[in-house]
Amino acid sequence: MTASGETPRTVGVGLISVGWMGRLHSRAYSVLPFFYPELGIRTRLVAAADTAPAGREYAANVLGFERTFADYRDVLADPEVEVVSICAPNFLHAEIAVAAAEAGKPFWVEKPVGRSAIETAAVRDAAEKAGVPTTIGFNYRHVPAVEHARQLINEGTIGTITNVRGRFFGGFSSNPEDPFTWRFEREQSGSGVLNDLMGHLADLIHYLLGPIGSVTAVTGTYLTDRPGLKGTPHEGTRVPVQNEDYATMLIRFDDSAVAAGALGSLEASRIAVGPKSEYGFEIFGTEGSLRWEFERLNEIEIAIGRTGSHVGYTRVFADRSFPEYDRFQPSSGTGMGYDDLKVIEAKKFLVSATGGPAEGSNIADALASAQVLSAAEESAASSQWVTTPVVPGNTSNTKEKSA
Amino acid sequence: MTASGETPRTVGVGLISVGWMGRLHSRAYSVLPFFYPELGIRTRLVAAADTAPAGREYAANVLGFERTFADYRDVLADPEVEVVSICAPNFLHAEIAVAAAEAGKPFWVEKPVGRSAIETAAVRDAAEKAGVPTTIGFNYRHVPAVEHARQLINEGTIGTITNVRGRFFGGFSSNPEDPFTWRFEREQSGSGVLNDLMGHLADLIHYLLGPIGSVTAVTGTYLTDRPGLKGTPHEGTRVPVQNEDYATMLIRFDDSAVAAGALGSLEASRIAVGPKSEYGFEIFGTEGSLRWEFERLNEIEIAIGRTGSHVGYTRVFADRSFPEYDRFQPSSGTGMGYDDLKVIEAKKFLVSATGGPAEGSNIADALASAQVLSAAEESAASSQWVTTPVVPGNTSNTKEKSA
Amino acid sequence: MTASGETPRTVGVGLISVGWMGRLHSRAYSVLPFFYPELGIRTRLVAAADTAPAGREYAANVLGFERTFADYRDVLADPEVEVVSICAPNFLHAEIAVAAAEAGKPFWVEKPVGRSAIETAAVRDAAEKAGVPTTIGFNYRHVPAVEHARQLINEGTIGTITNVRGRFFGGFSSNPEDPFTWRFEREQSGSGVLNDLMGHLADLIHYLLGPIGSVTAVTGTYLTDRPGLKGTPHEGTRVPVQNEDYATMLIRFDDSAVAAGALGSLEASRIAVGPKSEYGFEIFGTEGSLRWEFERLNEIEIAIGRTGSHVGYTRVFADRSFPEYDRFQPSSGTGMGYDDLKVIEAKKFLVSATGGPAEGSNIADALASAQVLSAAEESAASSQWVTTPVVPGNTSNTKEKSA
Amino acid sequence: MTASGETPRTVGVGLISVGWMGRLHSRAYSVLPFFYPELGIRTRLVAAADTAPAGREYAANVLGFERTFADYRDVLADPEVEVVSICAPNFLHAEIAVAAAEAGKPFWVEKPVGRSAIETAAVRDAAEKAGVPTTIGFNYRHVPAVEHARQLINEGTIGTITNVRGRFFGGFSSNPEDPFTWRFEREQSGSGVLNDLMGHLADLIHYLLGPIGSVTAVTGTYLTDRPGLKGTPHEGTRVPVQNEDYATMLIRFDDSAVAAGALGSLEASRIAVGPKSEYGFEIFGTEGSLRWEFERLNEIEIAIGRTGSHVGYTRVFADRSFPEYDRFQPSSGTGMGYDDLKVIEAKKFLVSATGGPAEGSNIADALASAQVLSAAEESAASSQWVTTPVVPGNTSNTKEKSA
């Protein structure tokens, strides 16, 4: 029952691929009613697919799925599956998402949706044609401090936006002796850190400041080869890395953006030594500035005002005045974790998938982000500024919306 | 089933009081199998008690308890309830815990167990007599960075411990216009910040460094009266606050402690303006030092070594080398939240309650902490150092254990 | 000439001991007119004493003293020496200061003035009898951020003071293989870290919050012996350390103090591994709190207010609104250095020594601080609270003065 | 005399313009022998020029110049003036510097040397023709932590450099109601924040990582008009700002650079709200990374190594192992100030001007920096990458030099 005792709406869930992310989606579904009881939504974990037997066993025995399959098509074909989580390896996202759309199933797909903007556009087209709601795993949007930053921007608290810096620096590929995997292969991953971390960052900037209008970019590959993976034909050799370790770009915003006229730079690295998950932004306006970083997701640095005796950055911990925070914790200084972001994402997905308003990101956002990456790749090749077309239906922060 | 497909052991759970903490316990039970599947333990939420109908409805409709009662005794009497979570208002903890012990039910009780060391001792006696496993809500013990600190101490990485500072500073009572509640009443709460925050801190110090041997303390009450609560006879008047806002003490460790010979100070405040949940410690040894704080629970500052060109504090994020971290997150920089600590606590409770080893805190730890608070109160009154007796069976960090 | 073209008053300076501190005093005298031109004070470096020829040569050749002596008495006897800087080894401070007083010379003496409160009292008596102005090397008082903190306290910005923590943690004696020197010998140094760092801290607390009324303390020696110094009879042996490495105390303020009723703790260590010069304080009041540390002397963390959406610590850099800052730097974020503090101290000394107002610390402050240390030593021996008498003429922050 | 008793070499100094910077140069000359006694260099402040009588009086009465003039040409013509400090308003730097060169006087000129690369090139040509040593006011080079960073880079400690971010963010022009001054006028200043802060930053990057080879840039002006200055014809009107508030660029290094192959971005703002003097860099290599900022000039964050249990940033305070530090302070944690950087700069200038090695920046460095700014301006106009020619004789960090 729901908090008020009515019969909840139970949604049948299908999961495709039972890795770390598939488990996280499943847990998010399971705990959702604890945090959003008034929604009246419960999930039933109906079917999970994984090519590996261990994945299927985990889905059944630990996550509690009612049935499992080796082939994801069986999940999509299951009549009791009403919505689908697509957590397969990146190179399969697009194919599966198109299939989900064609099966008429709303889907929650992890990023990157496609290996390229073209693949992502195909998914967009399929979802649009099928009319299915979609949600993308752009989880950084849901951080209460990020949502609060967006509110401050939209309320004009930091004035006219002048410049922004976004940075997503991880070190997960910093060891040159880590083996060559799909991550370093163009066929499987498309671009490198662009399609991985920069995709998140582009979406976050879209969400906070509006559509990026044009970019000029450079990319670099520094760890140029890696040991072949054991048990593959490459074992014992060094394999050339096929995509970039680092990318940086200058950006201009589209005229429709809340931050129209502002400038900035976006950087991403997968080989940074020092940062662990330094995913964050700094946004400057004529009246103030904001700084946030994922490594300390529960806090944000805020400077407002140019005069007065105590001008400077205040370290503010998320509290009940920040969106969603009080769903999770009762008082400031008590930290939410990463997993909570996925609960919020699950909620937005299920609300939209059950006919409610679409509060989260959607496939148009994935395409908008992918087009920034595509423009960046093109720019890195041509050394020219490249324009990124605005994607209809995306949820980036436009002047129109924020007005 | 368990991860390996065997039939899990299902444990019937009873909950007493359905407030924030009761909900948190319940969620922890529910998600436990996701994080510790190999334990083969599942819980069944059998019965919950709350004097308020809304609490009972929440327990049934949101948390999923099978039945609910107004009287906690009904939960204890329920034959399907095998273990009990005691999350009632503080002044009832001891009474209920004794009743749980007498009913032969292992219990997980929130702190403070008693309003005084005497009350806590009564619970200890009852639990001992009944032979029931117990777990106390000393959740800060479970933070991976705290566990890592304990490992470094026990491995001798920071040398001989010389001094420690513990501080638990919150601001939840900093507004003098917040009404007079149970928190400020001696009859309901016993001492003030001592029994609340300092109890946590004393336990954390015991866990990290060993039993505190003696203390000298002072306490202060600064917000001396508060508005009477609406709907009570005090409405419209100001009511004198009956217990302390702030306490500080010097400590010496018992000879059995890992930190025998070290000195230190422990402070707690409930009226600090600035800190939100600044609960932390700094531990110094002859070879290094450690600093941790709950507001940034996923990191720890570590300085090791006196010479070399880059001596200083390194900010280290919890990673897979820290205890329990990889149960929750795959890579460093991705934050765990407060709720995860309660999952770990639930696991330790259920392991001990089902005949496994007792890895967590127990009622002897609660008594050990309470005796420090009692000694502090006595010292504040007498202006003398007061000795705290060592409590048999507690899990503080002794030389013997760490050897 | 002065800034306005008048003939400046030239003051003849004597220096006793030409080590690091003597050089720093000399430089401060020399650059003073650059920073305080309107004072119309210039100094003439008349005579310096050092037992070592190299010190005398440095004084003459580098610092520009007109004449040098081996015996400090020759400096005091020099009729052209009007004021004296006493920078000799600590154990000689008192003897020389008494002699300076008897010679009728205003003196600026480094801390600790005496090896004990008794020695310091003798200096106070001599200075009082002679009627000479005095200044003590309590340089942390002069930091603009510290002065600003004092203003905020006195203006009531952080409300009624409730508690304070002071900490002076250095690591300069953290290596147990550093040789046994005067620092570790009771005859030469008196107490250990108490007389060294804690003396500074006690004065800083007096200056900010008013006289400390009573203390209870503990002390510890952890590096109990050290290699005998080469070229001494101890070479080749290990010599027992004779005074404490670490001290901590609880404090209550005197009723006359601005912070009357507040509680707190003061700690000092000379063997901390990690901190370099972590000399600082945290002061809490009913309306806000302040944090400052010497390692980052140009900034202060300030939290004011209990409500509102952005409560927390603001990192504020010293700017023109902070006392003395604009004498040294034009704009916030541009750092002053430690040496600048000595320029401010020199200015206060010379102003008072030439008949102007006494703005700085004086010998009564040195005695007040020494009495806190003496009380701490007594308390560490007796395990009792010990009262510290208020010293007439000191400049600690009393309610009367701040009114 | 020098430290060793020999007669020092006395250098006659001329100063042009007695504002804040002229005073700072003068003080640096005066205190130099205290910090570098073994050089055997003393200065005699011979002649100062300022168009304002108050400036001339200050030079004579406070700084101690022997004579003063209204016209800078009189300083250059003075036969006792051997070296010259050029601290005039920016738009006069080039004219005066050329005149100084033609007068055969080594000069120390503040940045920006010219309003454009063309003007700066003219100075370079004049200095080269005259064969006079030169020093540029690129003071951030001299910070011990910066010098240490350069050592780590050159020793390979952080591996192959992969990417860099430089940022110079000030808020000194953030108030739109501050009047229109020379700073906002193209005729007087050339470009805006490019020629001001970015010039410093480009030099710092050259010094640390080697010559920048090409850039693509964008600039923005956000506070587009300002009140006319009182007492000018513009009083009472709003005057359009003529140059940029903010600039950002991507950079590639020249093949000769230590960081050849690395990428990066440089940003500068004069209207940032929040930062005070956030002038700093982050440099990433395959084995580690470094972060430094002027607001905390005495420290640097260092992460070295990809594996091990305590990977992360260590906050390291400058100590005796850092270049120049022990000239100023005896022990780590005791802060140097901004003025000390100018003492080091004065030393390098005087050493080179008296026939010693040229350790500091020189006019070729000023031109190299100016060419980056010029390229950035061109790029901002054309939206193309623009190549910056390498300038002979500059001291940027090339592979050849660091080998």
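All chains are identified by letter, namely A, B, C and D, in their written order; residue positions are counted from 1 within each chain.
Just so we're on the same page, a residue touches a chain if its C-beta (ideal position, glycine included) is under 8 Å from a C-beta of that chain, and two chains touch if they have at least 3 such contacts.
Which chain is which protein? Per UniProt: A, B, C, D = Putative dehydrogenase.
Remember, predicted model here, so these are calculated numbers, not experimental data.
A.B. asks: Would you kindly give the rotation angle relating chain A to chain C, two copies of one sequence, based on a CA superposition and rounded to a multiple of 5 degrees?
C.D. replies: Resulting rotation angle: about 180 degrees.
A.B. asks: Farthest from chain C by Cα centre, which chain is it? Let me know.
C.D. replies: A
A.B. asks: Compute the distance, rounded to whole Å, between the mean C-alpha positions of chain A and chain C.
C.D. replies: 55
A.B. asks: Would you kindly tell me how far, in whole Å, the mean C-alpha position of chain B lies from that of chain A?
C.D. replies: 35
A.B. asks: Centroid from C-alpha atoms only, then distance chain A to chain D, rounded to Å. What do you get?
C.D. replies: Each chain's C-alpha centroid was found; their separation is 42 Å.
A.B. asks: Specify, in ascending order, the residues of chain C that touch 2 or more different other chains.
C.D. replies: 275-276, 304, 311-313, 317
A.B. asks: Show which residues of chain A lie in contact with chain C when the two form their complex.
C.D. replies: Counting only chain A, the residues touching chain C are 302, 304, 309-317, 321.
A.B. asks: Please give the residue numbers of chain D that touch chain A in the complex, ascending.
C.D. replies: 158-160, 162-163, 165, 171, 174-176, 216-220, 222-223, 245-246, 248-250, 252, 261-265, 267, 269, 271-276, 284-289, 291, 301, 303-307, 311-313, 383-385
A.B. asks: Within the complex, which stretch of chain C touches chain D?
C.D. replies: Residue positions touching the partner: 1-5, 20, 23, 26-27, 30-31, 33-34, 37, 57-58, 60-63, 170, 172, 275-278, 294-299, 317, 319, 328-340.
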